[in-house]
Every structure is written in structure tokens, then in C-alpha cells.
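These notes open a run of structures that come right after.
The same chain A turns up in both complexes below, where it pairs with chain B and then with chain C.
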Partner chain A sequence: MAEPVLEVHDLHVTFSTEGGLVPAVDGIDFAVAPGETLAIVGESGSGKSVSSAAVMGLLPSNADVTGEVLLDGRELIGLPNDELRKIRGNDIAMVFQDALSALNPYYSVGWQVAEAYRLHHDVSKKKAHQRAIEMLDKVGIPDAARRADGYPHEFSGGMRQRVVIAMALVNDPRVLIADEPTTALDVTVQAQIMQLLEDVQAEFGTAMVLISHDLGVVAEVADDVLVMYAGRAAERGTVRDLFYRAAHPYSLGLLGAMPRVDVPPKLRLTTIPGSPPTPGSITTGCAFQPRCAYTDRVGERCITERPELTPRPGEGDHEAACHLGRRPSDV
Partner chain B sequence: MPDLVWFIVRRLFAALIVMLALSLAVYLVFYAIPADPAHLACGKPCTPDRLEQARHFMQLDQSTLQQYLNFLKGIVAGRTFGDGAAAVHCNAPCFGYSFPLARPVTTLIMDRLPITASIALGAAVLWLLLGVSLGVIAALNRGRILDRLAVGVALLGVSTPSFLLGLLAILVFGFWLNMVPVNGYVPLTESPVDWAWHLITPWIVLAILQAASYIRLTRSQMLEELNLDYITTARAKGAGELRVVVTHGLRGVLVPVITLFGLDLGGLLGGAILTEKVFSMQGLGDLLISAVGQLDVAVVVGVTLFSAFLIILANLVVDVVHGVLDPRVSHG
Partner chain C sequence: MSDELLNLKDVKKYFGLRGAPWRKAQSVRAVDGVNLVVRKGETVGLVGESGSGKSTLARVATRLLDPTQGRVEIGGTDVTRLRGRRLRPIRRQIQMVFQDPQASLNPRQSVGTILSTPYRAQGIRPTRAQLVELLEQVGLAEQHLERYPHEFSGGQRQRIGIARALAMKPGLLVCDEPVSALDVSVQAQVLNLLADLRDELGLSYVLVAHDLAVVRQVADRIAVMYLGTIVEEGPAAQVYEAPAHPYTKALLSAVPVPEPGVSRDRIVLTGDVPTPINPPSGCPFRTRCYKAEDVCATERPVLEPVQGSTEHRAACYFPEPPTSERKQ
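Up next, the complex of A and B:
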């Protein structure tokens, strides 16, 4: 892998709530290089969004963040808000799941894209507006000069997400974090938006962190994958490692849960039985144990000892956190 | 923009219809009151002949519907009561004629309006600024001491009767400390400084009382607003906290605040009855109260309609401001 632009080491996020401490992210590592895509996958509540918010420094004040977030080797955790502000939207930008709620209903889309530009460039409003139109045009909004004066509610879902992408890319960021950018869209529009993200990424050499539920999309666009379960990494590796050599029972479960057109209907969508634990409820052993189909083959250890990431066969740094030494499919 | 113009035209039309319906209702209600203005005008002793004369002169011998139509016509074209040398003219827009006061109601209203408007507008500016800024400060310091303080002030404000606070203010600042005048009104055109000086106590009293609901509304609205996704977007774009709150947060807060403000102001312009009484100012509220006391139906109808008109106007302005503030309303 080329020199990473964003590196995250041993990231922990703990919320203090009325119900006690919630360890939403419990020690994860990842890195992403220019032009490459890292996908973070995992069920709802596994800590994907919290991790990306931690990278952006956007967590509420009840969150305690430790670990390292390095942008070009520069530590971001603990930076004063004023310094972080200069990085947000400029070096690291975000695309959100629901473009309708992510855009401010009271301002025209052109204004909002121009604002993102003006926040980091000392230019006139007119210049910024020009730049916004350029960007809207680039993300495929027809008649961008005129549409720039429109308000979010006047756009279709797909067009709105294009606006959000234009807003995120207007400062040519080094890292783009896309948190389920297509979940709110129709299937055909989903494909268009993913294509757009791939295109702009190729053009600008942006490093992308793609958070997604959709393994089909991940298989198509990601280089590396991080599988998260209950705030921890279950498995990480290249996209081929995950799809051909999945080493963690949870990853296998996810793959089985992926709707596939090439598999007969009966075998489709084998969802993992049970539901993920609430953060912090399982403190010893493997968090996946209550749902794991392979725990019998391992025995006691799954309950008493927490599995750490260990190297697995594959391309480069394939790792999984499971006591099962061999690939589950070989057992 | 044409969207907005069309929107305003539609609202104007709707307002006109409401006005008409309302005027009919007010007219019918007050003329159903068994106080005979002719009887009052005719004096004592009142012979049936003179009573009939007075009725005819005041056009009360016509059918109620005809009277209402006369009233409407008067608004547009003016009215004349009687004829010859004794004729009484009421120029358009004529909202009735007060025979006891021997003045057109329009003139009476216009004489009193500057006083009420001075009280209301000055207080309104104060309470809007005070309420919104305290509300925002409270929201940004949620749960902390500043928040508690602002919420406490708001609670005190809504639960204090205006006359009580007014009398207290007069007592303390007017009589004991002798800082401000205790009553009276000086027209703005005469001396702007004296004008403001005579109004400062009612302004502050009204502002404190009214600001309370604005603090609460602004606070709760801002707290909701700050949880919205587009606020996170603004932060993710690199906007500073001030910009996040003012540019992105306040807009959504102002929409409901302006609604409340328009209605409060519209209501107050129709006469700040208690405040005018406490500070002995002869505004519209005072006019209405004395008219009720003297059974001067023409004035009661005129002032009531005028107040209603102000509220409808305020609604209209609120709608238009909504349209300007929220593109989802005007660019439907």
C-alpha cells in the first residue's frame, strides 16, 4: 500500500451517559492511502459512524476519545477546535446518508456549496459562487448555473446527494468519508452515485472511507475492508481477502446475508441469528460468541479470553480476531 | 421571486375575505347590544319625536343590513349624516361617527394610535432582542448556570401580572428613585428624547413580561435545531461555532419566533389596555375602555375592528416573512 494519508490507531470512544459509560468504539485501527478506498462494514450500532465522527472531531462533548488519528502524520486528537475547523471540510470532508436532512433547507444549494469553499478560501462571494457552479456541474447537475439558485427541497434524492458530494469535494479534500452515501436512494440512483464517487476519486486521487451496509457495493469499489463488530475490528484485509478468504465467523455471516443474484432464492439472505450486543455489555471473551455457529469448535476460550487480531493467510495484512485458527469454511 | 409575489397576492386576497367576514360579525354583535345610541344622543327629557329624529339622523332607522352596508360604504367613500347646515361629515375611510364625542371614529383612532404604537413598537423591539438573545444563550449553555438563570427569568416573567410589575416600576424608578417620569406622553415629533424618556418604563415593563415567552420558545427551538443533521454538516464543512449557531441555527429558530412576534405585536397595537391604564397614557386601549363605559357603540365597533384589522395585518406580514425566511413555504 502507498503511504497512507489517514491513519487511525487504537481508537477508543467512550460516551458518558446517564446509564453509565458506553464504549462505542473499543480500539480500532485503519489506514487509507490516496486514491484508495477503505470500506467499513458491520451491523447497525457497531460504531462505524462514531468512528468517522471521531476522525472529524465532531463528537458531542460527552464523548471521550483516545488513540491516534494521523492526517499526513499529524495528530488530530486533542487539537484545539480552531485548528480542527481548518481541517474539517478542507482536508477531510464528509458525505452523509440523508442528503435532505444534511442540507440546510433555508439556503440555496449554490450558496451552501459556495459557503464550503469560502470557509477555506479567502475569495469574494461571486468567485465562490462561480466555483460552486463549476462543482455542481462536475457532479452532474444539469444546467448547474440555474439550478444553483434552487433550494434542497426542489431537488430529487439523487440530485441532492450530488449536491452534498459537490459540497464535500469543493475544497479538493485529501480524505472523503462517505457514511452510507446511497442508503436513502433508489437502486438505480445508488449505482449512479457510487459511480460518481469512484469517478471523482479517480480524478482527484482522494482517499475514501466508505461506510456501507451493502457488501455488493463494497465488493465493487473498495480496496480494503474493515469489518466492525460491537466497537471492535472483527476482521480486516483486502476486499479479496474478505470475499474469498473470510476468516471470521461474523464476516461469513455478513457475506451469507448479502443478497446475491447468482445464488438461488432459497439460499439468499441468511441473516445472522440474534442481534448485536449493546456496547460494553460483553466484557470478557468474544463479543460475537452468543451468535457464533463455530464457538462449539473452540470451546471455553470464546467465553473467557477476548480474541485479538492475528495474521491470516491472504494478501498483505489480512487479520481476524477469532480463536478459530483455521478458516471456518475448512473446519 | 415571482413565486413570492404571487404568494403575497394570494395571502392579501385571503386577508381581505377574512376582514369582511369579521367586520360583519363585529357589526352584528355590537348592534345587537340593547344600548340605543339614539336614546343616549337624544338626551333628557326625550320625546318620542326627538328620538325618532335622532334615529333618522344617525341612520339607525334603517335595516341592520342596510346599516352595515352604509358602514362599509363609509369606509370606501365616507358618509354624511343629516343634511343642510346640521349635516355631519365623516370622511373616508369612515369607521363610524361618535355622536357623544362629536368626532369621526377614524379621527379618534388616529389621534390615539401614535401613543399605543409608540408603546408597542418600542417594547416589541426590546423584547424581541432580549428574548431571542437570552434564549440562544440559554440553549448554548444548556443545563449550566446561564441557562438556569434565563429559564428562571422567563418563568418569573410569564407569571407576573403586567399591572403589578408596572406599578412596582413606577413606584421604584418614578417615585422613590425619581429617575423617570411617572406618566404622560410627549409626541415623537415634539422631542424624541422626551418621547423615549416618558416611554422607557412601560417599554421595559412590557419587554420583560413579553420576553419570557420568547426566551422559552427560542431556547427550545434552538436546542432542537442544534440536533439537526444540517448543523452537523455545517460543522463538518469547517464552520466556526458562531457561524453554526447564527447562520445555520438561528434561521430555523426565527420562523416560529416571528409568528409569535407578529401576533403579539398585532394584539398590542390594538391597545395595551393595562399598560396604558397603569402609565396613564391615552392610547387606543384607553379609548376603547372609556367608549365601553359610555356605551359609545360606534367607537367600540371602530376600535374593535381596527384591532382585528391589525391582527389580520400582522398575520399577513408573518406569512410573508415566513415566505421570505423559508423557501419551502414560498417555493412550494
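Up next, the complex of A and C:
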């Protein structure tokens, strides 16, 4: 792997709430290199969105963030807000799930893209507007010069997401964090947007962190995958490691639970019993243990000792946090 | 009595738009002429993108909405014009499960109260044993009767929604996006539950969903909707493996598949679904279709048998050839 542009080490995020401390992210590591895509996969409450918000320094004040977030080797955690503002939207940009709430209904889309540019570049309004039109054109908005004067409500969901992507890319960021960028979109539009993200990534060499619950999308665009469960990494590896050599019972369960459009249906889907735990409810042992079908093979250890990510022998950088020590499908 | 649980005949549902008084009145053609039959024991999957009219059709079928035109027959009876008290016995035969269990369960009512609502609507006082039986059918237990919706996970709440729909022992459940708000691992549990209930109780379903993989898992028959009309209909295996309508083909090709490194022939459609206020003349899909020709703008194509199969039908002037004739 090339030299990573973004590195995250031992990231912890704890929220202090009325009900006490809630550990949303409990020690994760990841890195992403230019032109590469890392997918963070997990269900609700797994901490995947909180991790990305922590990288961007976007968490509310009741969040305690520790660990390292390095952008080109420079520590971002603890940077004062005015320093962070120079980085956000410039070096690291973000695309959210809901494009409608990411846009301001009172301003034309062209103005909003231009504003994002002017925040980081000392240029005239006219120049910035030209740049905005150029970006809108690049992300596939037809007749961009005219449409730039339109307002968000005049655009369809897919077109709005294109505007948001134009806004994120207007400063040529080195890292793009896309948090469920296509979840709110229809599948034909999703295909357009994923294609667009892949194209701009290839053109600009952007490093992308894709946060998604959709394993199909992940399989198509990711190079590496991090599977999160209850705030921790369950498994990490290349996209092929995950889909063809899943080493964690949770990953395997997710793959089996997913109905597929391309093959005849199974009689029954494999299920994972129960539902994902609320953050902080499991403090010792493996967080997946109560739902795990393989815990009987290991015994006490799953309840008492928390599994750490350990390399899978002979599989390169493929790691899983499971006491089983074997691939679940081999058991 | 025939085994037709639901029969929709040329159903239309237009929503009037209130505009300025000097403007010409406009309407949204949410459902624009749909024929659909659901027989006993079968699961019909209704798929389409947002704005295709699938949810509106589900609401017309359950008589939650009045059709603008057309006929709704439930269990062989024409119920199009029935209202109020006369509709009540009909409602026992067809019930609905909604997408968001958070929104469709009253947060201030206990599960017991929620489950007894359908009985009270029919003027019956349910026994505790009846309510417990309902809970057990969906994999919950007696201890849950006194609890409130917020004490449950999303998957459990959807089970409660299903239990409520089962109270009147309906023959047909209309499920509108029953699993789209759930996590993958929980979604699979609910899909398996629906399959189990079908086998145990001999239920039929109309399953409305945008997720084509979910529909493939449970449906016997598929109807693909686009801009308020059914553009293709047929046995699930045939529609998924040999789609005849270009829209179905594009839709299926757009679904990402969990096989890294396997490249697929994807048909990327350009543009968005046109507005149902002013749908295109002729074929509604022609503005995005890669096969469109002049004839497509003339008259709306009707559903016609594909490959000589009367079961599998598509509304297209240039349907895809049968699989055997396609190039490899």
C-alpha cells in the first residue's frame, strides 16, 4: 500500500450523557492511501458514523475524543477550531447521506459551491462562481451554468447529491469521507452516484472513506474494509478477504443475512439472533458473544477476555478479533 | 368462491394539486391504470423506485385511499364504493404492515392495548390468551404484553406491527417496505418470519419494496412499477433471470452484488424519473430508455405476453428477446 494520507490510531470516542458515559468508539485503527477506498461497514450503533465525525472534528462538546488522527502525519485531535476550519472542506471533505439537509434552501446551489471555494481561496466572487459551474459540470449536472442559479428544492434527490459532491470536491480535498452517500437514493440513481465517485477519485487521486451498511456497494467500490461492531473493529482486510475469506462470525453472519438479487433465493436466510447492542452495554469479553453461534466452541474466554485484532496466518494484512482462531466456515 | 383474494381492475389514483386559482388545476397521477390479481397462498412483490406509485397502490388495495377510478375487489366482493361500517368486515380479510414501526405504533399504548385495537374496532373484546397467541406467532412472549414500544428494538417493533396485522386472521397482508428501516441482520429475521407465517397460516402477501433482493427472497410473482403503471409482471424467477422490459433490466443491473472483482454489464440510466404530474406521452419510460424509438411516444404500450408465456407479461414495443436467443 502506498503511503497513507489519513491514519487513525487507537481512536476512542466517549459521550457523556445524563445516563453516564457512553463509549461509542472503543479503540479503532485505520489508514487510507491516495486513490484508495476504505469502507467502514457496520450496523446502527456500531460507531461507524461517529468515527468519521471524529476525524472531521465534528462531534458535539459532550464527546471526548482520544487517540491519533493524522493527516499527512499532522495530528488533528486537539487542534483549535480555527485551525481545523482550514482543514475541513479543504484537505478533508465529507458527503452525507441526506443531501437536502446538507444544502441551505435559501441560497442557489452555485452560490453554495462557490462559497465553499471562497472559504479556502482568496478569489473574487466571479472567479468562485466560475469554479462552481466548472465543478457542477464535472459532477454531471446538465446545463450547469444555468442550473447553478437554481435552488436545492428545484433539484431531484440524485442531482442534489451531485451538488453536495461538487461542494465537497471544489477544493480538491486529499480525503473524501462519504457517509452513506447513496442510502437515500433509488438504485438506478445510486449506480450513477457511485460511478461518479469512482470517476472523480480516479481523476484526482482522492483517498476515500466510505461508510456504508450496504455490502453490495462495498464489494463494488472498496479496496479495503473495516467491519465494526459495538464500537470496535471485528475484522479488517481487503475487500476479497471479507467477501471470500470472512474470518469473524459477525462478518459471516452479515453476508449470510443479505438477500441477493443475482442468484435464486435461499429457502431461508441465515440470521444473527438478537439485535446489535446499545453502545456501552457490553463491557467485558467479546461484544458479539451473546449473538455468536461459535461461542460454544471457545467457551469462557469469549465472556471474560476481549479479543484483539490478530493477523490471519498466511493472509497478509487480514485481521480478525475473534478467539475462535479459525475461519468460522471451516468449523 | 374463487381463490382471488384481491383483484384490482384498471385502478387509478390521482391526487389534486392545489395551485393558484387562476392556474389550470393539475393532478399527480400516482397510480395510472393498474390491473393486479393476488391469489390465495401467493406472494406478489411490487417493486419500483420512489414515485412509482407502489405505496399508493398498496393503500388503494387496502382501501385506506379511495381510487379515483377503477374497481377494487376483495375476496370476490366489489368494495370500491363501500365505506365506514360496511367496510369493516372487509378489513378482516386484508391488513397492512407499515414501514416504520416507530411511527405506526402509538408510543403511549402498551403492546397489549396496541394488539387489542383491531379487535375493538370490530366490536370484540379479546382475551389475554388471544393476545399472547398473537405475540407467540411472531416470536415474542407474554411478558411483552405490558411493555411499551420504546422498550423494544426495531426488529421487535416490526414484529408487533405484524402481530397487530394478524389479529383478525386476514388472508392477505399488504406489507409496505416492512424491512427497509431495519439492519441487515434483523431484516433477515423478519423476512424469515414472514415466510414462516405464510407456511403456517397459509397467508398471502403483497410485498411493496424498493430493495429488489429482498423481494426476490420472498416473492413468487413480481410486478414492476414505473410512473404509476405496471411495466412488467411475471413469475419471480422469470422476471429476475430474463427481464423483458428495458426498465426492469436496467433496474436489476443497477443493484450492486456482493462479489468483489466480478464485473457486471450495468445499464446506467440517465436522468431521473419524470414527474407524474405531466408524464411522457406513450410509454412512460421512453425518456430514459436506451431502446426508445418514435413509436414509443405514440401510445402507451399494454402488457403483453413474453415468450409465449401468459404468466410473464411486459408493456414494451421492443421487449428483450428470450434468454435462449440472447448472445452470450
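Simple rule for what comes next: the second predicted complex is superposed on the first by the 321 of 331 C-alpha atoms of A that agree within 3 Å, B and C clash if a C-alpha of one lies under 4 Å from a C-alpha of the other, contacts with A are read in each partner's own complex, and residues count from 1 in each chain.
Criterion: a contact is a pair of C-beta atoms (placed from the backbone, for glycine too) under 8 Å apart; a residue touches a chain by one contact, two chains touch by 3 or more.
Note that the structure is a prediction, hence the values are computed from the model and not measured.
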Partner chain(s) touched by A:190 [first = chain B, second = chain C, both, neither]: second
Contacts of A:44 with chain B and chain C, given as first, second, both or neither: second
First, second, both or neither for A:257, with chain B first and chain C second: second
Chain A: partner with more touched residues, chain B or chain C: C
First (chain B), second (chain C), both or neither touched by A:88: first
Complex interface listing, chain C residues touching chain A: 49-50, 153-156, 183-189, 191-192, 195, 210-214, 216-218, 236-237, 240, 250-252, 254-261, 266, 268-270, 272-273
Partner chain C, residues of chain A touching it in the complex: 43-44, 156-159, 186-192, 194-195, 213-220, 222, 239-240, 243-244, 253-262, 264-266, 268-273, 275-276
Footprint of chain A on chain B - complex, ascending: 228-230, 232-241, 248, 251-252, 325-328, 331
Chain B-facing residues of chain A, complex: 56, 58, 81-82, 85-90, 93-94, 96, 98, 101-106, 108, 115-116, 119-120, 151, 153-154, 164, 167
